[in-house]
Amino acid sequence: MKIGFIGLGSMGSPMASRLLQAGHKVTVYNRTAERAQTLVAMGASRASQVSDACHGDVVITMLADDGALESLSFGDAGVIRSLGRGAIHVSCSTISVALSKKLTEAHAAKGQQFVSAPVFGRPQAAAEGKLFIAAAGLPDALDTCVPVFEALGQRTFRFGADPWRANLVKLAGNFLIASVIESLSEAMALAGKAGLEQREFLVFLTSTLFSAPVYETYGRLIAEKQFEPAGFTAPLALKDVRLAIAAGEGLHAPLPIASLVHDRLLRLLARGGDSLDWSAISKLAAEDAGLN
Amino acid sequence: MKIGFIGLGSMGSPMASRLLQAGHKVTVYNRTAERAQTLVAMGASRASQVSDACHGDVVITMLADDGALESLSFGDAGVIRSLGRGAIHVSCSTISVALSKKLTEAHAAKGQQFVSAPVFGRPQAAAEGKLFIAAAGLPDALDTCVPVFEALGQRTFRFGADPWRANLVKLAGNFLIASVIESLSEAMALAGKAGLEQREFLVFLTSTLFSAPVYETYGRLIAEKQFEPAGFTAPLALKDVRLAIAAGEGLHAPLPIASLVHDRLLRLLARGGDSLDWSAISKLAAEDAGLN
Amino acid sequence: MKIGFIGLGSMGSPMASRLLQAGHKVTVYNRTAERAQTLVAMGASRASQVSDACHGDVVITMLADDGALESLSFGDAGVIRSLGRGAIHVSCSTISVALSKKLTEAHAAKGQQFVSAPVFGRPQAAAEGKLFIAAAGLPDALDTCVPVFEALGQRTFRFGADPWRANLVKLAGNFLIASVIESLSEAMALAGKAGLEQREFLVFLTSTLFSAPVYETYGRLIAEKQFEPAGFTAPLALKDVRLAIAAGEGLHAPLPIASLVHDRLLRLLARGGDSLDWSAISKLAAEDAGLN
Amino acid sequence: MKIGFIGLGSMGSPMASRLLQAGHKVTVYNRTAERAQTLVAMGASRASQVSDACHGDVVITMLADDGALESLSFGDAGVIRSLGRGAIHVSCSTISVALSKKLTEAHAAKGQQFVSAPVFGRPQAAAEGKLFIAAAGLPDALDTCVPVFEALGQRTFRFGADPWRANLVKLAGNFLIASVIESLSEAMALAGKAGLEQREFLVFLTSTLFSAPVYETYGRLIAEKQFEPAGFTAPLALKDVRLAIAAGEGLHAPLPIASLVHDRLLRLLARGGDSLDWSAISKLAAEDAGLN
């Protein structure tokens, strides 16, 4: 397929690379152009502006937040103005339910399709095509995207025709990960204060009831206090938790643990944690117990 | 080994049965005697009073709460008075850190040993010898108990010489399960309010990042609203959460999510949920979102 | 003074009336024009569009939320386009810190002044000129507004030259009222569940340590379950709590009780409480205790 | 009246002094005897043991916690053994609902009366006879105690025949004060982070909607960071909040703000705040906002 790819960050780059490896014709765009070099060396075309990446069947966006996607989409030479009739905008970013609805309408008004396909997984998983994809959009559009999804992920889950529902699934998923981090942080602080070796306690947990990757990954980060380099920074995590709360607001669905994690992340940032991984909120539970 | 077994509830009975199957000589005691019949038919001796179960190398207690264990231990014909010098009391119940310390001292004063060995798993796992055991006590005592642990569980984790640390591990573990239930409840309420099919959302979660038994088990109960018969009742869960909070108090380690779950369980009981499984707190998140 | 007054709701109308009574020349504007009739009968001029109310020394806006103020201010015939050089826009609405900053800049760019002067008090207090005013803006502008403030309120407090700080004070004040409502709700639920007569308990509280108007006003509403007609509706309260949380986000200052109240209000709305007074969150604490 | 007074701490001493000034015949007892000297100089008799203070019409206890009152009441030469038939035990301490019920039964079994009369106010108010008293007990007993209450307090509120209800009122009152401290702490942290002068913000609050002694007293302590010497220490506050939560547990009435304050106090103690006033939890909200 002829694919445009916009946003070559730590996730976008390996994703675009996967598409190239799968034989797609990929035109890449990034605000800071040097990010594109490796991909160009692999065979990608370089777009010098957003519109140049919008001439294929599909354009994929993988951006940091609502603001970035909104300005790239609605600008004068933006995605909506540039995309052909019938073409598909696949948004893989973690964005708000509100923006997803707005994009759905704007694309529909131009005879284009909008698909939300946020992904689960870290950069390493992206490089291996092992992401999980939560996709929503009109069935035809989703069918068209199957080769894209197959190049990017190990499995795709469909959540119906309204793109925003896939965004909500992504936000709910990130909320659940945040809940794991916070609850593990509290339990580890308790164990540490009791004089238990945190690593042994963690081995116990992950060998028994909590044998899921998320407990292993974050438990290790917490036990080893290894918060840099960040896999997912605290400011981005705060953004996502805020979007989950906002989604709950829109639907009138309170999320008390999200509120708690929201306040933890804010506290972490107030104390200078901008560059830390979101698992660094574990420092706060430890501090509250008088550890460290 | 010659083993006494006190407390033949839904967990105790299959555990005693496992010991018999492993070839141990088991004397069983239960306050309501009829509970012992099946085990007697399998070869167990029946003790007509607590002291009769205390003449072996080891006596195991598996009781509902602090109150039950305390009265059976400290009474006139109780475990402490009846146990032989050098014999071991293995407590598998989920009890407070405070009672564990008190029992450790009381047994030591009589030249006896106290081992805490709370177990993780539901009755089915007990029947199959598939429990996980968190054990703590003096090394010699733990070594002596190895055949017992092997009959009961698939794996034993040692947490040092102070029995109370194993109790803390158990409380921390139950706290983490409660956190999973609460966070899943909130996420499922959000998904449900958004018009997503909760079962599909759950399949997505447990097929990706949350592929742990605890998410599968409780996610299913929540999605199917199947809270009776209870695997673990709300009042027992409240007791355990309270003990986790109390352990945190003793150590000066706050557990905000435990406080949140505590208030959820209290609310469930105030609304008549005494006989429900603890996963029924999910009804509250659903109710708060205007579902049901 | 020659004053424009925009927004004749339950607060704006009595405020404009006070200005007329004080002898000011007042031109009033409201989206739905009939609201202006009583004031016109009292001597006010009626503006048929926003710009007609912007020809005096001062234009006062008293609107429901950010959206209303933003569209009236930034539109083609809006306040910013219409106001004379050197004239003052006095915003009495409860708005976000972000919008306050944006308005400050926009007015400054046109050589106009922006003053934030949110008010504390219910409609009755507005009618009697007994409001409390939290004002911030450049000293000269504030000095010019003194006759306005004297007509509207019993006392004005100045919070420096940056208008947004007055907005923050207002949001913090509303947050504190919300905290009183929530904590009283919990205490009243506890007392009620204990079989105490809630009115007697309240008399005790307000006769001793809590002899403040806010405890008397809201305590009575809670005890009498009198949530309609609303003095301040739950949706507006949710908006304000959200703005307080947003202000905290911008400053990296977590507000855990605000998060709690936020979730209460959301739950109230999910259960159909749109038309109720914000003190109706007391129904939730009562419900959680199994009362009602 | 002939009155025994047990417990001469910072509250008990001025209370006993008030009784002497009112002309009562007072026999005082304190575990550490030197505390009694000033009162003996004023005309009190000194009891060398608890029982010696129990020969009058009324014995008043003013002790630190459940443990102290329980051991003094139920011991061999304790209040229950020593008090005459028909005599009254007036408990002014802040104790649990559970202990209050236990004492009610124990006294009734001996033909004695038990009255709960916890007091509100700081030592200064005690010295001036300006306490507020929440009293509960059988009407005859309360009537007999009127001269005692008149000497100690400025006003007495009766809460029926069951003594434990007065204890619950006291716990609910302290919970509400704790809620004021926490909410003020959050608001002051927000204001401080916004660059507002906290004292001015406080003057605004206490001059307008929050003109209650409790806001003035604690607001000043928070603004001036004056946490020593403590009027009421963090460990005692934690005890009281825990008792409020326990009362809620017994009645199935959740108290989310109490849970929040509980965790704040625990954190304060974990960081070495044992000797600080409970208003020192304000340091935590400030710290979370990155202040100090």
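A, B, C and D label the chains in the order they appear, each numbered from 1.
One rule holds in what follows: a residue touches a chain if its C-beta (ideal position, glycine included) is under 8 Å from a C-beta of that chain, and two chains touch if they have at least 3 such contacts.
These numbers were taken from a predicted model, which means no experiment stands behind them.
Peer 1: Quick one: compare the interface residues of subunit C with those of subunit D and tell me same or different, with half as the dividing line.
Peer 2: Here the answer is same, because the shared fraction of interface numbers exceeds one half.
Peer 1: Please identify the chain with the largest separation between its CA centroid and the CA centroid of subunit B.
Peer 2: Centre of mass proxy via C-alpha means gives C as farthest from subunit B.
Peer 1: Taking the mean of the C-alpha atoms as each chain's centre, how many Å separate subunit A from subunit D?
Peer 2: 53
Peer 1: Provide the C-alpha centroid distance between subunit B and subunit D, rounded to the nearest whole angstrom.
Peer 2: 38
Peer 1: Give me the residues of subunit B that touch two or more other chains.
Peer 2: Expected reply: 193, 248, 252-256, 260, 263, 266-267, 270, 288-290.
Peer 1: Where on subunit C does subunit A make contact in their complex?
Peer 2: 238, 242, 248-249, 252-256, 259-260, 262-264, 266-267, 269-270
Peer 1: Hey, which residues of subunit B end up touching subunit A in the complex?
Peer 2: It is residues 120, 132, 134, 155, 157, 159-160, 165, 168-169, 172-173, 175-177, 179-180, 182-184, 186-187, 189-191, 193-196, 200-201, 203-205, 207-215, 244, 247-248, 251-258, 260, 285, 288-290 of subunit B that touch subunit A.
Peer 1: Which residues of subunit D touch subunit A in the complex?
Peer 2: Residues of subunit D touching subunit A: 193, 263, 266-267, 270-272, 287-290.
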